[in-house]
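In the two complexes below, chain A is the common chain; its partner is chain B in one and chain C in the other.
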Partner chain A sequence: MAESPRIARTLAVGFGLHLKMMTRSSFDGLLGVLWPLFFATVAFLMFRAGAGGESLVFASFGAAVMGIWSSTSTSAGSAMQRERWHGTLELLVTAPVHFAVILLPVTIAMAAMGLYSMTATLLISRFVFGVDLPFEEPFSFAVALVATVVSIGAMGFLLAVSFVRYRTAWALGNLLEYPVWLVAGFLVPLALLPGWVRPFSWVLAPTWGVDAIREAATGGGPWPEIGLALGLGAIYLAIGVAVLETVLTGARRAGTVALA
Partner chain B sequence: MTSLRIFFLGGLISFRALFSFLRPEIYIPSMLVAPIFQILLFVYIGRSAGLESDEFFVIGNAVQYAAIPCIFAMTFTIGGERFQKTLGYILVTPAPRLPLFLGRALPVIVNGFFVAAFALVVGGLIVGIHVPPSSVAPLALATAICAFSCTGLGLLGAAFGLLMREQAVLANVMFGFLLIFTGANVPVSALPGWMQSVSEVLPFTHGIEAAREIADGAPLADVADLLATEIAIGVVFGTVGYVLIRGAERLSLRHATLDRA
Partner chain C sequence: MAVVEAIDLHRTYRTSTGTLRRRWIDVEAVRGVSFAIDKGELFGLLGPNGAGKTTTIKMLITLLLPTSGEARVLGHDVVEDAQWVRKRIGYVFGGDRGLYERLSALDNLRYFAELYGVDPHRQRARISELLELVGLEGREKERVEGYSRGMRQRLHIARGLLHDPSVVFLDEPTIGVDPVGARELRSMIASLKAAGKTVLLTTHYMFEADALCDRIAMVTRGRIVAEGTPRDLKERVSDGVALGRVTTREPTLEDAYVALVTEQPVAVDG
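Take a look at the complex of A and B:
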């Protein structure tokens, strides 16, 4: 089979398969929806009791994207570790396609699981808290959504390969959940954060993803933000592949693919 | 004497055995760093929403984060034994059940108190809140009482741990409800009426309120009723949890389902 169709097929099959597996897991599925919803509910209650108005619209879209990051950060860090526990890591590493092509759809599927949470959050925002959510540019909103999922999935890929040598990768993945919610400006405008935090925000794809979604919803033209999110996603991917090569070469040489 | 040994030594050994995985590389990010970020997250949301002071969120979230060690650990005292294939051995022993299960709660309360106290001190220093020196000891007491009452709720989770497989999901859901309902981030008075009614019977609600009053300089006597209510809620949840554990134990023995859920 030619290389490109084979890669495309592996990506598509891997994405579909892992999405199915995760929807049948109560941890990834049910909790993946509920967990960000708890925080979103608290945020809605806080904004309703406080500033209200436009800030609730701002918080609604930010809270909606929180789930995409949550489902990625908590699972991606230990994605390779999980294959190791299942005894499938060596088989996947020796498969004829590059291991990155196998791992990437896994982390994108994790991010895509966040769409359930996103939908639930927007519905609660609209029908429980009565927030009048705008959807000015439906097409660019859909593109922004896809760009956000793909770029956060690519970030998950980078986490997965970076943490592979740590047995406790899941704890590091969990740890990143709150900081990215904060630094990417999901619920708090970046202008409120200290100046030294900004550079961290700028190199995070979720920052631009949530901005793109907000801009598309309010009719502000999201294309620059979509480009930045996808561009950062591509950079994460390139760094991730380079890290993966180094890690796998070292592990193959030492015969420690199955160990950590 | 045997009961005391089971309570203290058994509880400690059980905690060390079940939570041997809590090495520094897990304990530090999960128990010490994560609550600081939860505090910072809600401090900034609070500033953005123009709601309450930084102190409100530091105290609310530091104390509420005790739910992670307390609920997860208590739920895992049953699930962990099952996972390690030791649940059956424990439940066929003639050991009296009250010290057996309550003894497991003691190290959990101590750990929960430590986690909350650490978050309170470090979160407070980072955000820059001021607590009068005379309030430190009463604040520590209020935090310890909150850890106790939440462990009572955790005992209820442990009972459900005998009946269901997904204890991690259950513990996370309990944590989420406590985050919403206990006034950790939203003043209870700003919640809808039915939510206020729920919050009245949950761990943390009265303890967090007491801790905030203490931090504002109130003497211990002024919050004694709040702390007494918090203790009573912990006792009620703990008692219900213990009774349910005994019931679930009998059920699982009758149906030979002790090692599966």
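Take a look at the complex of A and C:
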């Protein structure tokens, strides 16, 4: 079989199986119900007390993307740790396929799990808080959603690369969860943040992902934001692949792959 | 040409003690291990816990980099040609780990078949063959979390053979398995040799090594202290090389093991 279709197939099989595995945990399922409720409630209480109206729509989509990011950032580290506990990480590292092809579907499956959280958040917005959510451009909204999931998955991939080498790097995922909520403009417009924060926002794919979703929903034309989200995702992926071999060699030298 | 060669392999781990005043310590897990395994041979590594058996295997399967020394599988260096080597070896370890418990046996095998480059058109047939070989046909759609230790171990072996490797590394494959299950596994291991595969086996069970292995290397404290056929090793005991008294019964491999590993004469009074 030619190399590229084979890689695409391996990515698809890995994505399907990891998604299947993640949906089989009743505890994770419970968190999937509680988290969106928490995100949506905090966002609405804040914004209803303030400006209301369009701000509630802004907050709804922001809170929805928070679910995708949180699912990826916190799970990417624990997933690698879980592979260690299961004793499967050594089998994955010694598989005769590039490790990026193994790791990427795991983090994209995590981001895709966030879609559930996103749907739940939007449903809560609509039916619990009565926000009239617009969907002006359904097609571009769907593309923006896929671009956001893929680019956040690629960011999770970059984080997961370090989790392979350092056993306690999962804490980095937790550490990044809340700052990215703020810096990517999920709940607060970027214009309200200090100027020096902007460059950090610009290099984060979730910033453009959430912008693209908002633009598509309100009919503003999301294509430049979609392009930026995907472009940044491709850069994260390229950096991750470039450093992965070095990271794996370091783990094989230090003997940390098999250590739980 | 030897299929597996270890030449003066060394492996040192760096670990630390203390919290505020951290002190780094180098632990030598493998200290100059050399051996060669011929095609179709079943070679055993025996030794106490912490002797360096698993570390040696992990270097041979490309999971760990040797601190020094060389290792080759099918003539290819395990450091320089790691990807080449990985395509041609199978690795099976003992215990409950190494499987996705929330998935079925079939899903586990499908995933690893994909990762180990099994031709997609051949995957279904290959998985069926292996499920039959390890006696899990009819149970393949159940989640692994409901499997017994013996079933998991058989699934491990199926996973390790998916890509039909010519060299198989088995790291304590019967550990914790009940006697009936262990006997089935031993028969499966013997069938690998019968199929022409080269096998490196580590085990703590002397009768297992005696029954299965063509040759054995005894390892202790990171070094090989004796190597030979099971008969050679037992003869060393009866010849008084490792045992300083007349025996009243035939020495066993366990007598040889205890004598060689502990460097103490062993009484074999019957």
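The criterion applied here is as follows: the second predicted complex is superposed on the first by the 245 of 260 C-alpha atoms of A that agree within 3 Å, B and C clash if a C-alpha of one lies under 4 Å from a C-alpha of the other, contacts with A are read in each partner's own complex, and residues count from 1 in each chain.
The rule we apply is simple: a contact is a pair of C-beta atoms (placed from the backbone, for glycine too) under 8 Å apart; a residue touches a chain by one contact, two chains touch by 3 or more.
These figures come from a predicted structure and were not determined experimentally.
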Inset, instruction - Considering only touches as defined above, state whether A:T249 meets chain B (first), chain C (second), both or neither. - result: second
Inset, instruction - Mind working out whether A:V203 is in touch with chain B, chain C, both or neither, as first, second, both or neither? - result: neither
Inset, instruction - Answer with first, second, both or neither: which of chain B and chain C does A:T88 touch in the superposed model? - result: second
Inset, instruction - Considering only the touch criterion stated at the top, classify A:A43 as touching first (chain B), second (chain C), both, or neither. - result: first
Inset, instruction - Report for A:R24: first if it touches chain B alone, second if chain C alone, otherwise both or neither. - result: second
Inset, instruction - Figure out whether A:V257 sits in contact with chain B (first) or chain C (second), or with both, or with neither. - result: second
Legend entry - Touching partner for A:V97 - first (chain B), second (chain C), both, neither: second
Inset, instruction - Quick one: classify A:T168 as touching chain B (first), chain C (second), both or neither. - result: first
Inset, instruction - Sort out for me which residues of chain B touch chain A in the complex. - result: 23, 25-26, 29-30, 33-34, 37-38, 40-42, 44-51, 166, 168-169, 172-173, 175-177, 179-180, 185-187, 190-191
Inset, instruction - Over in the complex, which chain A residues touch chain C? Could you list them? - result: 1, 6, 9-10, 13-14, 17, 20-21, 24-25, 85-88, 90-97, 102, 249, 252-255, 257-258
Legend entry - Interfacial residue positions of chain C with respect to chain A in the complex: 11, 13-14, 58, 61-65, 83, 86-87, 91, 93, 95, 97-103, 107, 110-112, 114-117, 119-120, 159
Legend entry - Footprint of chain B on chain A - complex, ascending: 26-27, 30-31, 34-35, 37-39, 41-43, 45-51, 55, 166-168, 171-172, 174-175, 178-179, 181-182, 187-189, 192-193
